[in-house]
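For reference, chains read A, B, C and D in written order, and residue numbers begin at 1 within each chain.
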């Protein structure tokens, strides 16, 4: 049991627990807060995997912007009624998810890869410079397309949500 | 054989004119559209003249545009060719066509659809040129169908009147019957040639390899081709469309249904003369049908009252003459009559048109009369053309018709009976032409008052073409006189195409005698017409009530041929179609389609329940599929 | 020294939780959140692979996934707002006009 | 190893101590300052031995006691868990942000080199933005958990305002990043020790004046203080998101706000005013551009640097308080318009212009 392993297990437990909270809490705001926690834990997992830049972006973009938007919408709509819950679908969803886990886990663990940090890396792995290098050379076209996608999303959101344009 | 790349311009310029008129005509205005069409035909005419003048005796010009169909080993070129025969046809089509275009400027000047009219007319010239300049049978067929289309469009030009569109339909459908035979002939020829290892439709190649065909096959092929010719050139039994085609504008009748298109059948047989010469049985059939048609149509023409219908039956009759000439193997003579006929028949139609124009659309001859003083120029041109068609000495018809009669009598394929029919027809021709002349221009004017007030001679733009055509009706014949008068330049000109004709023994005595006999019967016809219609007006009434009026009504009703066709062909066919439409189509075909559709629908009604509109159901389906795929990977 | 498998299994578990959320919940906002959970699970395996292979490409792809997730969330929430405005509900089972 | 951890713990303690105390002091300064501006005495009861100037000490102790002994009230229809969580979420980001702000150059003790910064992250400035973006949760969750329409309105206003100004703030910093070519704040601070044309310190304010204005505006907006205090705007929505808070929880919101002021001041100092740099002070003493030089011992240099940093931070704290009592409050639509239609386009233009200049200079 190394320190890294302990850290991983703690983070894994926390993120699974908080993700379960996301789906099992009847209150939407509680779900959202749990999701923020999950995202935060996953961001820390990113940092432990030598991806500090992506981890920071995870907090900045996901937790800091997207989830705030969710909360904003929840507060804006302020749905008073708690959701109804169907037993049938609850059971189907649970069984389906369990089956998915039981099928995915053997598939993922019988593979030949073993250690997550086996590849030799330089100290700057995962730094902003490295990520930028990758984004602005190999992925420059997807990068530009992503910017267009965001623009379209902004326009679409304005058109959809505004009462009168 | 020489390459001459401007040849393609001859048909293409009228096509361009048609396209311009279709797309821009409304903006150009009616007058400019007409002038544009005339200019296009004029250019085509001068190009044809140039080709004609530069064509050496026996020479052939050729212009290959591109390879149209390529299917190894078969190749069809889109190419034009001009030889002596085509040159003559070119001049007829573009020359007469030009005059009629100019005439139309006046005749159609007040018509709403003038732009459309000139577009059609130019399109017709294009297809006709395609037909006569085609280098192979397929291209000829394209032109053949194209002129049929234009004929249909122009017969039904005033489409507001249902009778016109019905007449157009009739022309088109009757032509389809002929075209079907023609197409079968072409395909059979192609197939038979191909089975001999020669995959071609090119005229030159066909001529070179015609000897490979078995005689029986040739007879069949030529008979089928002749079926096409009877359709297009209005011979028994398919002549019925031509009189109805008179519903179109008169210049159209002159151009398409007298001077050019209807002669396509003659042209085709002349173009394929090498095949027809190989099939004496077919030639006998052609000669018989030609002579019968000539006589038969002339008898109908005697009793008609519509000024244009008389001319229409006259056309059928004259076409019969041409086929008679073809049938006795005298192709050059047939083309000669075609040539002269183009002038005087166009002239007759146009002067009739001039009268109709002046009388504001009146076509019934019984309501005319005494128009000589109102229409001085029209009268004289009509008289000239009538003399020419009747075979008055030294006019065009005199020479060409005489030659046909002589060939029918003297050529090896000819016989006395053929000559007799043709001779009687000559008399009838003179009779009905002068009957028309006297009814229209002599006697008292029987037009209604308000019409009479507006009678006027046609403008220059119409009379000048009339005068030119009248001149042609006289001069055109001087090219090919009988041997004993002066030397013909017609036969030597066409000799390279048709080859040296079989030697018909020249017997000036008999020839002269026949000529005198012909002139005699023509004079008799003239005299009878004069007596009946210019002096004693009783005779027609006596004749028409003779034998209880049966013969007269029989003639007036065109021997009831339309009614017979209707009873024998149209009604059974319609009944059959009706049964197919009402019982077979609705019950079997629609039943099958509807049955399949109903089965699909009832199935869909069940399965579409799956599409509940609930996103979560879909997602669950998605999840199930994913699980199954994963399970496959896990447990395979 | 955490084996790559551990990260992948963790990713699979979080993904399955997201799937369960999408099917179980009757609130369309939570369903959207569950989708974000799934995206994050996938991101986690991308990052783990990137570390394991020593290649930056996995991280670059995560960057794009985040972009797409942001766009998706924005448009999705806008749609939710306009649906709620018309139908006063967030229950996806009541939004089923688009059916046979 | 133990020593390393101790040093880090010591640095963290020092920073937290400074920040929290400064926050407390600022509470008193604000009262006295507002009184000065409004021509009244203000906070005159907490004097020590009749000397009002020492009320500062008094307030530092008395205020927390007062807050903590008050009733902790949770609205009956509210969400108890989230109601408690919210103030923590408000305070936490403000405190951890200071971790990456350098308050001095390296301190050399024997052969041990101590970087005067709690944590040196290579994503430094992004870390600050990430934490700042989390601070919005305190407002939003607190507002929602209170189950009060005024607090809900405040929460909605606050979340929209903070997200909007975060964008302008982030974009205005891009210029600085391009000029100095790094995300690490310590590197940025060091780079500002250079001299332009031999005499002008290469501070951010000189290189990026527009960015400074934008950043300062956005930072004030992020702290939700007048003229941007729409989330709490007393005349309209009573006290906005913390209308239902009292006692210790309110103290946390209160302290969080002042901690944010300190953090903002620290950031402004670091990015635009040289951080711990004293003009012309090198590691071995002063080197003046006009030729003279004064040699100083290492400890003196470090002391000067830390002192300069503290002074600058206090100055910007004071400036923010001055602003709060000088300017009137915006209307909400004006806030949004300023953020989206003024700051954001200006920041974009600034980024473009900076990029052009940087590329041009590189190619010279």
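As a convention for this text, contacts are C-beta pairs under 8 Å (C-beta built on N, C-alpha and C of every residue); 3 or more make two chains touch, one makes a residue touch a chain.
In this text the structure is predicted, and so the values were computed from the model without any measurement.
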If you tally the C-beta contacts for A-B and for A-C, which one comes out higher? A-C
Find me the chain with the mean Cα position closest to the mean of all the protein Cα atoms on display. C
Give, as an integer number of Å, the spacing between the C-alpha centres of subunit D and subunit B. 101
What whole-number Å value describes the gap between the mean CA coordinates of subunit C and subunit D? 34
Note: subunit B sits from subunit A at a C-alpha centroid distance in Å of 83
Inter-centroid spacing, subunit C versus subunit A (mean Cα positions, whole Å): 7
Mind pulling the subunit D residues that touch 2 or more other chains? none
Would you give the residues of subunit B that are in contact with at least 2 other chains, written as numbers and ranges? 616, 620, 623
Could you list which residues of subunit A touch at least two other chains? 53, 57, 65, 69, 74, 76, 89, 92-93, 96, 100, 104
State which pairs of chains touch, listing all of them. A-B, A-C, A-D, B-C
So in the complex, the part of subunit A that touches subunit D is made up of which residues? 27, 29-30, 33, 36, 52-53, 56-57, 59-60, 63-65, 68-69, 71-72, 74-76, 78, 124, 127-128
Per the touch rule, the subunit A residues reaching subunit C in their complex are 2, 4-5, 8, 12, 15-16, 19-20, 22-23, 28, 31-32, 35, 38-39, 42, 45-46, 49-51, 53-54, 57-58, 61-62, 65-66, 69-70, 73-74, 76-77, 79, 83-86, 89-90, 92-94, 96-98, 100-101, 104-105, 108-109, 111, 113-121, 125-126, 130-131, 133-135, 138-139, 142-143, 146, 149-150, 152-154, 156-161, 163
Spell out the residues on subunit B that touch subunit A in their complex, using ranges where they run on. 616, 620, 623-624, 626-627, 630-631, 633-634
Under the touch definition given earlier, write down the residues of subunit C that touch subunit A in their complex. 1-10, 12-27, 29-30, 32-34, 36-37, 40, 43-44, 47-48, 50-57, 59-60, 62-64, 66-75, 77-82, 84-85, 90-91
Write out the stretch or stretches of subunit C touching subunit B in their complex. 19, 22-23, 31, 92-93, 95-100
